[in-house]
Each structure stands twice: as structure tokens, then as C-alpha cells.
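Paired with chain B in one complex and with chain C in the other, chain A is shared by the two complexes that follow.
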Partner chain A sequence: MEFYGTQLASRLMLGTAQYDSPALLAQSVEASKASVVTVSLRREAAGAQAGQAFWSLVKSLGVHILPNTAGCHGVREAVTTAHMAREVFGTDWVKLEVIGQGDLLQPDVFGLVEATRILTEDGFKVFPYTTEDLVTAERLLKAGAEVLMPWGAPIGSGRGLNNIFGLRALRAHFPTIPMVIDAGIGRPSHAAMAFELGFDAVLINTAVAKAGDPVRMGEAFRLACDAGLAGYAAQPIEERDMAVPSTPTLGLARGLAVE
Partner chain B sequence: MRILVNDEQREVTNTTLATILNELGYGGARIATALNGTFIPASQRDTVTIMEGASLEVLAPMQGG
Partner chain C sequence: MTKPKILVRGAGVAGLVTAVSLADRGADITLYDRAGRIGAGASWQAGGMLTPWCEAEAAPEEVTRDSANSIAWWSAHVPSTTHNGSLVVAPARDTPELARFGRRTSHFETIQGPRIAALEPDLIGRFERALYFPSEAHVDARKALTTLAERLTAQGHTLILDGPESDNTHFDWIIDCTGIDAQDHDPDLKARLRCVRGEMLLLRCLDVTLHRPVRMLHPRIPIYIVPREDKVFMVGATMIESDDNRGMTVRSITDLLNAAYTLHPAFADAEILEANAGRRPAFDDNVPRIRHNGRHIALNGMYRHGFLLSPHRAQQICDIVFDTAA
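So, the complex of A and B:
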């Protein structure tokens, strides 16, 4: 799989927030075999070392880095944050978040399209965090995005894939665009379902970081991603409304009299 | 002069962004800066002058999802 011409060894992407310790984060990334981790920026007081220590840890993981614009509620704020992230992390990849609604952290798709256009013109490779809406997807692609990150469910909700019909339609309309299910995945089975629907990758944070055993959950997601991907490649059967016997009925002793 | 650094009032004596960052103790740190909401690349810190009352954002790497 490729994002903007970069070949990735794994289709699992992990967020780096909410782990109880840096060591647990590193072990979870290793167990999951994630190929990309997401990172962010925060204000840091002079002399504080947290940010510098985190940067050293991220570099040691040996994976691709995808900075986000989490918490940005406007186009200008998101664009400025993206520029700052490009300088700090040394990559032109950006997971673009423009949040429009606080309770659901729902993307402001109008601002998202505008920020995608601006950042693409500024040389960024934009990964927009969006909904499953087809028209928005089309606008994002026209604005320069070559990867889409539709949500499964609201960030951190763990609800899985809320609108399978919509996601299936999105996949079908843009069959060649790399798409990552981002947000809402709570269990390995949700990740497997994303791949069974034909999506290219998943991005997971809370479901691993806040699991009782994050390292084991990282491994579970790795296995689920492999299973879902293999299932999709094997071409699942179509669903039916009525039963269809799986055991051959020909030659059954249906006519035998019972004494 | 007084400026805002990450929304906190600070008194500084220098005038260029680079010298102010050193004065505040950020020297050598992996940071990015924005002045009054506009990104200032590291390459411009020596030439950008800070005015009284300016708002400076100093951001560093952190965990994110």
C-alpha cells in the first residue's frame, strides 16, 4: 500500500496519546507492527523537557510520522498548526483535522476542503479527517488530497463503523483512492470489518492505549487487520435474506416410513 | 517590553525572535513558533522583530491521535 508514493509495510496506524507510559507506547507499537504513528504539538514552557523526550522516543520507533492538527476549529488555525508541525517533525504529511462540532468532534467539512486546498498549494501531503459523505470526498480530492480518512464513529467512542452503507458507497465510488478508517474503532473486529469492506488501512488510538493490556491489544489489532485483509482478498459471499442450505439435500431419506 | 508567550505575560529585553527565544530559555529546543497567529519559520527567527504586546506561540512535539 502506498500513501503519496511512500510504500508502507503495514496497514495499521497507531495514535500515540493516552498511554500510561512511554514504554507502554513503544511496546504497543512494536506488538501491533504499525507502520505509521500520529503525533501532535503542544505549548511547552521554556526548560520543560517533555516534548523533547517524546520526540526522541518517536524517532526511536522507526516508523513513519503523521502529525495532526487535533483541536483546531478553524482553517487559519489548522493551516498554521500544519506549518509548525512540518517544521518540528520534518515531514510534509499532515493529518488534517478541522473540528466543527465539539460534542462529537465532527469534522467541519467546509473548512476541511478549504484548508486542504491551501495546504496542498503549500506543498503538503494532506490526509483529511472527514466523514463518509461522498460529495465532501469529491471536493477533498479536487482540492488536492490523494488519501482520505473517513471516520468510523466519533473520536474515542469505540462504536466501530456507524454507517456501513455510507462507507461501502464511499469505497465503491472512489475505488482507487487510499482510504483509512480513522476514529471510532473500539475492537479488533471493527478493524477486520473495515478491511472486509475494502478499506486500505485503519488508524487506532484509544482502543489500544486505554485497553486493559495495550500491548496485547496492539497484537490483537495486528491479527485482526491481517484477517480482514485476507477475508477481503478471498472475496466474501453476498448476504442473503433467506436461508440457503449448506448441506446437500439430494438423496436424503425423506420418503422413508417410520415404524 | 511585555509580550504574551503561550498566553502568559512575559517581560523581555531583546527584540528579535531568535534572541527572545534564547532569553526565555528555549535555546536549542525542537520547537515551532507563530507570531500573532502566523507561522514564523526557524530560518526567519533572526530577522523577525517582536513588538510590544505581541502574542508568541511556542509549540513542541506531543502525543497525538
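So, the complex of A and C:
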């Protein structure tokens, strides 16, 4: 899989927030074999230099870093945060979040398109956190995004893939755009399903960080991603309304069981 | 055996508890703090919650295990220690957080509306369900630190808070409890210790009475409110991976006040007495460590468990000094 020309070994991406300790975060990333971690500049530190200790820990994980603009509610705020992140982490990747609604932490898709355009012009490689909406996806691609990150369900809700019809349609309309299901995944089976639908990667934070045993859950997600990916590649059977016996019924002594 | 002469550097909770524990065992203590007062670091902003079982929600097992005798230690040394348990609640929309908290902790009862009202009459009708940890306790952090310092002075030990550190060559042991400041004189800690910024508010609210610490769960902004004397409430605390040493931010004040208001609307009319920030020293597993090298012992990385874990770690230091390790 490739994002903006960078080859990645694993389809699993992990967020770095909410772990009980940095040590637990490091062990979970290791167990999950994630190839990318996201890190929030804004929530973790009040100033660019002040979070150095934590950011050094994140850098030492030895995986790609995708800084995010989590918690930004406006275009300007998100753009400023992205610039700060580029300085701190020395990467032009940015996971762009522009939040429009406090309760569902739903993306403000209008602000998102605008911020994507500005950041692309500034040389960023933008990973926009969006909904499954087709028109928004088209506008984001026009604005310069080459990767899309549609939600499965609201951030932290653990509800899985809320709108499978919509996600299928999105996948079908943009078959060559790398797409990451971001937000809402609560269980390994949700991640497997994302791959079965043909998505390229999943990004998970709360489901691992807040699990009873985050390290084991990291491993469980690694296995689920592999299973989903292999299942998609192996072309699943079509669904049917009627049962189809897997052993032939021809010649079954139909009358015998009955009196 | 002659009385060992011990210099304890740092008069925060780790230093004071260590000094008092060593004094209890017969040591001759000199306690020094370069800041010119006790509790100049993170401890002064602490909640003072003695809640070993609640802490299991986000701390490794050893934190709960090592804090088993903590409540008894504080009761023995600080008479104002309050044994009223603690309460954990969640707003209706965040009840999954309550289930998660209960799954990760022990020694609590799940209680319903009427029982909540009996324990905390001011919370009547506000929460349908709560977790009640009856064996937990709390202290007023600042008062407790002051009590320990007074105890040392009364017993004839030396507190140096207003001058340069005395010549340390004649001490049998030197114990470093300087928290985040230890980074200034220890290159190893400079690399391994980090700051977790915490911010807190002190409110005076005449219309609310609470008898025990109340934690209110939230996926992003969990808070606790600890009642102090005279209608004062300590509201804490943020957890930010940052060594930023500025005062409290508007965002954090807004978050904590919103949460306090959710717990009880009467907090809207509370007077804001203080808004403060502190930096918790922490290792990467958030567990405090003791290092021992010759006559030097260092205790650091208390994270948010200074009051909870200092008695245990001080006991370990006593075992090194008096060679009584099991």
C-alpha cells in the first residue's frame, strides 16, 4: 500500500492518545505491527517545544508519524496546527481534522475542503478526516488530497461501520484512491469488515488504548487486518436469501425418514 | 547503632514522607528545599486523594498493591485524614465510561439513586448510578504537607528553607526527592524523566456540600472534585504531555469548569480562588523508581501518585538505610 508515494508494510495505523503510559503505547504499537502512528499536537501540548519528551518517545517507535489536527474547530486553527506539526516532526504529512459539531465530533466538510486546498498549496500531503459523502470526497480530491479518511462512526464511539451502503458506494466511486477507515472502529471484527469492503487501511486509537489489555488488542487488530485483507483478496461468495446445502441432496432417500 | 545523619533534598510529598518515615525509625534528618518553601513543586497542586482502588483504572497493578498501606500511614501522621470513601459518577451520555471503570477496578459497590442521595444529598436526582469505594480516603494536600513539616521541626530535625544547602560531606545518606528539578543535576533523569502537566482550580461554593472526592468520568475530560474545609473545592486535573510551565490555560479552565457545572449547577456561582498548573515528573511507565548508589538514594517519577505511593517508597528507602529489606 502506498500513501503519497510512500510504501507501507502494514495496513494498520494507530493513534497515540489515551494510553495509560507511554510504555504501554510503545508495547501496543509493537504488538500491532502498525506502520503509521498519528499524534495530536494540539491536545498533547500547549506549545511546540513543550511536548518534546512525549514526541521523542513517539519518534523512537520507529514508525511513520502522521501528525493530526485533532480538536481543531476552524480552518485557520487547523492550518496553523499543521504548520507547527511540520516543524516539530519534519514531515509534510498531516491528518486533517476540522471539527464542525461538538457532540458527534463530526467533520466540518466545508472547512475541511478549504483547509485541504490551503495546505496542499503549502506543500502538505493531506489526509482529510471526512464522512462517507461522495460529493465531499470529490471536492477533497479536487482540492489536492490523494488519500481519504472516511469515518466508520463518530470518534471514540466504537460503533463500527455505521453506513455500510455509503462506504461501499464511496469505495466503488473512487476505486484507485487509497482510503483509510478512520474513527468509530471498536472491535477487531469491525476492522476486518473494513478490509472486506475493499478499504486500504484502518486507523484505530480508543479501541486499543482503552481496551482492558491494549497490547493484546493491538495484536488482535493486526490479525483482524490480515484476515480481512486476505478475505477481500480471496473474493467472498455472494449473499443469498435461501440456504444452499454444501453437500448434494440428489439421491437422498427422501421418504425413509418419514413413516 | 548511632543515629544515621540523613540529608533529604526536596520538600515535596516524596521528600517530606521519606524524611518523616526515616525520622520515625530514629534517623537525624536535615530537609532542604532550594525553593525556600515546602511543596514548591507538583505536590502543592495535588488532589490528596488516597484512592488506591480507583487508580487501578489507569495504573499498573503494582500501584494499587504498593499503596495498600498508604491510607494507614496518612491516618497515623495526619489526623485530618478523612475516611469517607470516594464516589465515581458519569453523566447520562457517558455511562459506558462507568462500566469500563468498574471493569478495571475493585473494592467498590455499584449504588443507585437513593443510596447516592444518602451519601451525597446535594447530588440527589443527578445520577442514576455510581460506583462507591467505601475504603478510600483523602487529605487536604497542603495541610498534610504542612503537618509533616511541623512534625519534623517539633521533633528537633532541621528544615533548611531559607539558605544554601549545607555542606553535605558529613551526612551518612543523601536522598534526592527533587522531582522534575532533578533533571538539572542528573543527566540520566534528563533523558528518562518527562513532565505531565496538570492544572487545577480551587473554588469556593457556598451552595454545595460534598463529603468525599467525586470523580466524574468523561471520554476526554475526566475530572475529580475534592472537598476541602470552608466550602472550598479542589477541581482537577488535566493530563497533558508537556513541560510547559505557564499558568493554567483558558481551554483547561473551561473544560474543568464545564465539568464542575455538570456535576452540580450551583458551581456556576462559585468563586474562583486559584487556577494553577504543575508538572508531574514521570518515567515512561508512570511508576516511581528508587535508585541507590553508595550513600546516594534517589526517589523520582511520582507522576500523579505522590500522596498514594510515597509511604511505600519511603518504606523501601528505610529498608535500604537500616538494612532491613525482607
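Rule of thumb we're sticking to: the second predicted complex is superposed on the first by the 245 of 259 C-alpha atoms of A that agree within 3 Å, B and C clash if a C-alpha of one lies under 4 Å from a C-alpha of the other, contacts with A are read in each partner's own complex, and residues count from 1 in each chain.
The rule we apply is simple: contacts are C-beta pairs under 8 Å (C-beta built on N, C-alpha and C of every residue); 3 or more make two chains touch, one makes a residue touch a chain.
If you're wondering where the values come from, they're calculated on a predicted model, not measured in any experiment.
**Student:** Given the touch rule stated above, what does A:Leu61 touch, chain B (first), chain C (second), both, or neither?
**Tutor:** neither
**Student:** Which partner does A:Ala50 contact after superposing on A: first (chain B), second (chain C), both, neither?
**Tutor:** After superposition on chain A, A:Ala50 lies in contact with both partners, chain B and chain C.
**Student:** After lining up the shared chain so the two structures overlap, which partner does A:Asn205 touch, if you call chain B first and chain C second: first, second, both or neither?
**Tutor:** Only chain B is touched by A:Asn205; chain C is not.
**Student:** Examine A:Thr38 and indicate which partner it touches, taking first as chain B and second as chain C; both and neither are also allowed.
**Tutor:** After superposing on A, A:Thr38 lies in contact with chain B but is clear of chain C.
**Student:** A:Ala85 in the overlay: touching chain B, chain C, both, or neither? Say first, second, both or neither.
**Tutor:** first
**Student:** State whether A:Ala26 touches chain B only (first), chain C only (second), both chains, or neither.
**Tutor:** Touch partner of A:Ala26: chain C, not chain B.
**Student:** By residue count, which of the two partners contacts chain A more extensively, chain B or chain C?
**Tutor:** Of chain B and chain C, the partner in contact with more residues of chain A is B.
**Student:** Which partner does A:Ala70 contact after superposing on A: first (chain B), second (chain C), both, neither?
**Tutor:** After superposition on chain A, A:Ala70 lies in contact with chain B alone.
**Student:** On chain A, which stretch or stretches are contacted by chain B in one complex as well as by chain C in the other?
**Tutor:** The overlap between the chain B and chain C interfaces on chain A comprises residues 43-47, 50-52, 54, 156, 206.
**Student:** Given the complex with chain A, which residues does chain B contribute to the contact?
**Tutor:** 6-7, 24-26, 29-34, 37-39, 41-42, 57-65
**Student:** Mind pulling up the chain A residues that touch chain B in the complex?
**Tutor:** 15-19, 25, 38-48, 50-52, 54-55, 58, 67-68, 70, 76-77, 80-81, 83-85, 87-89, 155-156, 203, 205-206
**Student:** Can you check the complex and tell me which residues of chain C touch chain A?
**Tutor:** 58-60, 100, 103-104, 194-195, 197, 219-220, 240-244, 246, 249, 282, 284-286
**Student:** Using the touch rule from the top, collect the residues of chain A that touch chain C in their complex.
**Tutor:** 20-24, 26, 43-47, 50-54, 57, 156, 206, 210, 212
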